[in-house]
Amino acid sequence: MELYDGPLDVKEIFGRWLDEQAASNYGAYIPFVGTIRAEDGIEALSFDIYEPVLKAWFDSWQEKAKARGAVVKMAHSIGDVPVHTSSYVSAVFSPKRRVALELIEEFVEDFKANAPIWKYDVKEGKRIYAADRSTPMDGSGLLA
Amino acid sequence: MELYDGPLDVKEIFGRWLDEQAASNYGAYIPFVGTIRAEDGIEALSFDIYEPVLKAWFDSWQEKAKARGAVVKMAHSIGDVPVHTSSYVSAVFSPKRRVALELIEEFVEDFKANAPIWKYDVKEGKRIYAADRSTPMDGSGLLA
Amino acid sequence: MVKVEFLGPIGKETIEIEAATLSDVAKRLKEESDLAEWLDKCAVAVNDTMVSDLATRLNEGDKVSILPPVCGG
Amino acid sequence: MVKVEFLGPIGKETIEIEAATLSDVAKRLKEESDLAEWLDKCAVAVNDTMVSDLATRLNEGDKVSILPPVCGG
């Protein structure tokens, strides 16, 4: 798991992960690259991350992937990420195509639902919580 | 659609596609990289391609992707590709995560089923048709 | 005493309270009017492990984290 | 005359035959013993367009391609 201040160097990450797994005899490598779209007049998105819980979430995914013979990786930005730059890269390596296609979908969807990351629109230099696009994590409402 | 003699330069392809789409305001970029696994004592896989039908297949996929606001790309090797090098890269760019995840799966699976490409194991320099791993294309048996 | 921290956009300072279980934390937090809009959509971690049981016991010095709706990527 | 070409691993030389429809091509190819193992699992293209109807009409100079089971990637 890799966290960076600001936008990701997507090519460096893609290439380094490729090299790291060069000898692992995988058959399929599927990265997912998330890039900030220009919309609603935003200048950037900005992110807060709670690293200890993100680490636990990612560790549990590494175990799940390992049980299916696969490897997962992820990188995410902290702070401001301008439009048309990237804030998120995740990836699956697997001997098998089917496992890789299934895992990348499950991994990315669970990431969206349960990774402890908070998103803000940046407009005129101001951070505005993206409440309408945010999802309560599994188990929310426990204290209500 | 890009065809190359021998293994693909995966980093070059990944980075060039990323750059080509840099201004297209996509939100999700999902490449699929297929790499030759060392198994059954093979030295390499080798591929024949029938380019006119592959081109038609790919063109129809570009239309399907366009109808969903997305872009598809692909690169494949012709001839011998040694173990632990890559023969296949495809990719989807889409404004939306869900569309990208669905399309990459459909695109890769239809590629496996219907792209006119024939695979051979290379053992001791000899090409052996991978009959057991090959699938009749849609509509097969018409002349039987 | 346990520490309760509010993550991301909640924008509330960490507080210290007396609590033997998560139930006690819930009771106490419901008294805070600035949390009214948050509690029903927040998840909870104790010492950085996600929890789903109000009966979870707390010890002196434990850290309770309140996690509002997320949107990574 | 139409040209019939055999792709990939079939390893058979292109032949030229008289045929007004794909049905005629099917009849003729069934006479070739080296195709016995292939025909039931091969797809067909006419002038590089995949076809699925035996009644497809053929014209002088058309190209019929026989595509055995595939495995790209």
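Letters A, B, C and D mark the chains as written, and numbering starts fresh at 1 in each.
Operating definition for what follows: a contact is a pair of C-beta atoms (placed from the backbone, for glycine too) under 8 Å apart; a residue touches a chain by one contact, two chains touch by 3 or more.
Just so it is clear, the model here is predicted, and its values are computed rather than measured.
*Asks:* Starting at subunit A, how many touch steps does it take at minimum to reach subunit D?
*Replies:* Between subunit A and subunit D, the shortest chain-hopping route counts 2.
*Asks:* Return the distance between the CA-based centres of subunit A and subunit B, expressed in whole Å.
*Replies:* Comparing mean C-alpha positions, subunit B is 25 Å from subunit A.
*Asks:* Between subunit B and subunit C, tell me the centre distance in angstrom, where each centre is the average of that chain's C-alpha atoms.
*Replies:* Whole-Å distance between the two chain centres: 49.
*Asks:* Considering subunit C alone, which of its residues make contact with at least two other chains?
*Replies:* 73
*Asks:* For subunit B, what residues touch not just one other chain but two or more?
*Replies:* Residues 34, 97, 108, 112.
*Asks:* Mind listing each pair of touching chains for me?
*Replies:* Every pair of chains meeting the touch criterion: A-B, A-C, B-D.
*Asks:* Looking at the complex, which residues from subunit C come into contact with subunit A?
*Replies:* 7-9, 22, 25-26, 29-30, 39-45, 48-52, 54, 65-73
*Asks:* With touch defined as at the start, can you tell me which subunit A residues reach subunit C in the complex?
*Replies:* Residues in contact with subunit C: 34, 47-50, 52-53, 56, 76, 87-88, 108, 111-120, 129-131, 133-144.
*Asks:* In the complex, go through subunit A and note every residue touching subunit B.
*Replies:* The touching residues are 10-11, 14-15, 18, 22-23, 25-39, 84, 95, 97, 100-101, 104-105, 108-109, 112.
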